[in-house]
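Next come the structures, one after another.
One chain, chain A, links the two complexes that follow: it is found with chain B in the first and with chain C in the second.
Let's look at the complex of A and B:
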């Protein structure tokens, strides 16, 4: 039950996120400014938890379907694809939350489909597929930058968003994105039993009645769904989808049904913690989330690689 | 029990097996032998339900499949592939449990009975100590033993084992052979694809020889595995020798002995 205690991180970080800011402890229940601060911070903490949960769901799903522990929506280019969708929509003048969420989904799906199509056309293994994702991710990020520079006065906000932040989250945005994130995560959860059979090998899973191709397609769509919704809210945030499932695995025997809930809660805790840290790194509270998650995630990743040595 | 009627199988758009008819019965160990690419794995995959029947008919345990269909016999059939392509993170115990429980509802937890059966299956194959170890930390032989334990844990009516003794050391070969004999005694049909002809003489009852996409022979191991027939099937000169091979553990008497058995070698002198 080592892993069980890790669930407690979420309420701890969530509470800290409500009370702590760059100017020290603020009691959000006090009169005057309190209610205003509470609403802002509650929105931030909620957005960060949901984004983290969605990214961890997507990362777990992609790692299970590719049987590759290095798979992650950020590395595979899904996040950059979703970001491209959002920027294209904004550049074209479609700025309503629903349009933004949908174009993020289209972009994320297209990126993942492209990675899978290219890998299968080249006959690549599931390990090298990640490298195709890395290449696509770089290419898409460059296009993201180019489009963004054309946005004119909106550049400042877009830039912060492109490096990942929940500081600009709006209740209206969250109202559209939250159901999409939850749907993606729930969809993967419903396929947990099948994904666990897939861990025994495609042939064995097929002999148990699992249709491996269909399952992979389904989980890929669900992963793209939750990632895209997360990107629509917070921009492309890296490392959470990679590190959360890894930490979850350390405490368990590796069965998907045990990893999954823990990695969702860890993903949420990590992102809330990263948002909290961002308020102190740069007092305006605008330090990019990805820079924090990467700072926290990179050493964790190296430590895990050293422990695993697979 | 298991019946193939003019069965044809294709893999990757190429017809691998054609016009294959045979029957197999509960309580026997049926070996499938033949040169590389003869269609042994393809046959096992079709029986496992992971490959469509291309022509003819296949039936087993009350299920049947015609052309274009898959044989879906659920947990009545358990399959262990030659090269386990498993998740690197999963532990041996979780692997066996996942196998035993099959694709299930996400909230279903393993019952006390499931855990007991999984542990017992690992113990039976002398792999209990591997329980908490991740598959990436095992040797290929150890992983094969764990996969065999997984397939046995469901106590299915039919066991389809692709190269179950490959990669195993002498002791594990002996343990695995004994377990397969025990499964047959329990009333299961055990189908084994193998190249270890000398060991098949010890633990298989009948043998099906595939070559060139067809069944070349089928019958009792002793009568079918003759020098003459194997030379034709494999296309190499053979000579018969006597070799040291691991013995099968007999029920009750757990003493381990090695026994001599006839065994075929490529005949061209000076090659070894």
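Let's look at the complex of A and C:
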């Protein structure tokens, strides 16, 4: 069980995230401002864990569903869709987190629905579906950029969010985003057995009593749900959904049901660690989370690939 | 006969002696009466002196009483400044129960407004771009004021490490809303000042003044801004409007369009904004300058962006020889505004009035007895002196000495 040890990364990074920051070390029993800073750190760590978990769940689900190891909510356009929802809300003058989050949810669901509708209308294979997602993702990102230019200086504030950050997470946001993320992740876990049969091919799955079309729709909705909730909290954080399932697969191996929990825990650890690093990369400057998840995740992935081949 | 004569001499001598004696006695009597009167007078004077002295001490005691009453009054006044309340740009009613003494400012315009209304000594943290008042850098150097980094992407933990009891941001930056919500949980008010129009700036001055306990100075400052605006308006009234482009960022070219406080400044300075068809601050295609044909181009050259000649060569690179068809470029009425003047055109702060006067000079030098050929291409406090309107309340540049000495 060499993969089992990897679960320990989460509590380690979580604890470090509580104790390290620009404010300095904080006695856990402090009162007043110290306690408030500690609370903010706890909120950040929880938000980062949940976001990482949700993205890893979504990535694992989509990879299994599309039988494509490159599938990822970021690549499929779900994140850009959710981000478009957020920018639309800001452009319309709704800067309050609740409006922003609901708008993200709508955008994410709409993007995935569009990818699936176009693919099924054109009768495309599941591999080509990723291509439709990539195309949509580029289109949506372009619209995001145009809206951003249009918003002028105001957007510079939302730019931080657009690169991903959990620094402004609120208990209220987490309170309604967490159940959605957890529900999406749990839903995929409940369908883990069916997904394993689906990986053997639609015919095999059907013969085992799995209704392939319905299963795909369910997993797609679950993925969109957890991704949109994550985007609403932290913005479109990339790379976690792609790399966490891969590290889990290479680090542990085995059936989907076994890899899945490890992939969630690794997604959470990676995001918590990235948030921790962002506090020190540019103190007071808020380094974007996506760039750090990529910087930290890419070498790990390459190392594991090299070991796997060798 | 001789006896008779001598006796008459004796008699007359006696008479004389008697007369002398009587008159001497009389004079003596009179003298003693006088001396009594004099001594009476003396005693009266000395009693008067005593009275005067006692009156003087009474007066001085009254004066000291007056002083103590005055100090009581002023302390009463300062105690009546709080609780203070004001509504910020989000519509939230912010109530402050005692004078905020640890203020963090997220934007250069917030910092300038706070110092200009006299709340400088209460400021303990500013963002990395705050540069006014000039002595701010000394305060940051000696640790009185902390640099909290970016105000566009503020790090909550860095701000909290300055232990603020009040934070000022602006309404146009979404992350400032996020911070407001976060800090609400701990009871640290985050005041978002409106920053789109000149009316917003005046509102911001009143709000900042009220919440920091400087209502009087804020009132004076607002009067100063208003008077400067009308001075620029009055000086250029009746003149043909000069068409102008106000460029706030060189590449890509960002212009101030409709609905911005800069657009209002151009109008008040006797100009017409060629980009009033653009809403807010927008990047425009360089070719838009060819279509707009401004008579004057004003470029806020900021700190360390393109300088005047780099900006001009960029225009020629992007527009080619067609650049000469733009009246402003052909006639050499392109101005790069630097130094403190740049801040006047880029910060919605206490200098919108001064900025308008600056613009009115650039757009209508003839209104001030100048010719546009005498205006330098690089416009800064060192190269161009501006007219100082009489009858405008003077706002002195805050000195930070008091702030340095206060804990």
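The working rule: the second predicted complex is superposed on the first by the 257 of 310 C-alpha atoms of A that agree within 3 Å, B and C clash if a C-alpha of one lies under 4 Å from a C-alpha of the other, contacts with A are read in each partner's own complex, and residues count from 1 in each chain.
Throughout what follows, contacts are C-beta pairs under 8 Å (C-beta built on N, C-alpha and C of every residue); 3 or more make two chains touch, one makes a residue touch a chain.
Since the model is a prediction, treat every value here as computed from it, not as a measurement.
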- Message: One more residue to check, A:170. First (chain B), second (chain C), both or neither?
- Response: second
- Query: Is A:205 in contact with chain B, with chain C, with both, or with neither (first, second, both, neither)?
  - Reply: first
- Task: Please indicate which partner A:197 is in contact with in the superposed arrangement: first for chain B, second for chain C, both, or neither.
- Result: first
- Query: First (chain B), second (chain C), both or neither: which does A:179 touch?
  - Reply: neither
- Touched partner set for A:40, first chain B, second chain C, both or neither: second
- Message: In the overlaid three-chain picture, which partner chain does A:22 touch, first (chain B) or second (chain C), both, or neither?
- Response: second
- Common interface residues of chain A - those touching chain B in one complex and chain C in the other: none
- Task: Using the touch definition up top, name the residues of chain C that touch chain A in the complex.
- Result: 128, 147-150, 152-158, 160-161, 163, 172-179, 181-182, 185-186, 254, 280-283
- Task: Could you pull out which chain A residues touch chain B in their complex?
- Result: 64, 67, 69, 189-194, 196-197, 199-210, 249, 253-255, 257, 308, 310
- Item | Residues on chain B engaged by chain A in the complex (per definition of touch) | 45, 48-51, 72, 74-75, 77-81, 84-91, 93-95, 97-99, 101-106, 108, 132, 134, 136, 150, 160
- For the complex, which residues does chain A have touching chain C? 21-24, 33, 36-37, 39-41, 90, 95-97, 149-150, 152-154, 156-161, 165, 167-168, 170-171, 279, 282-286
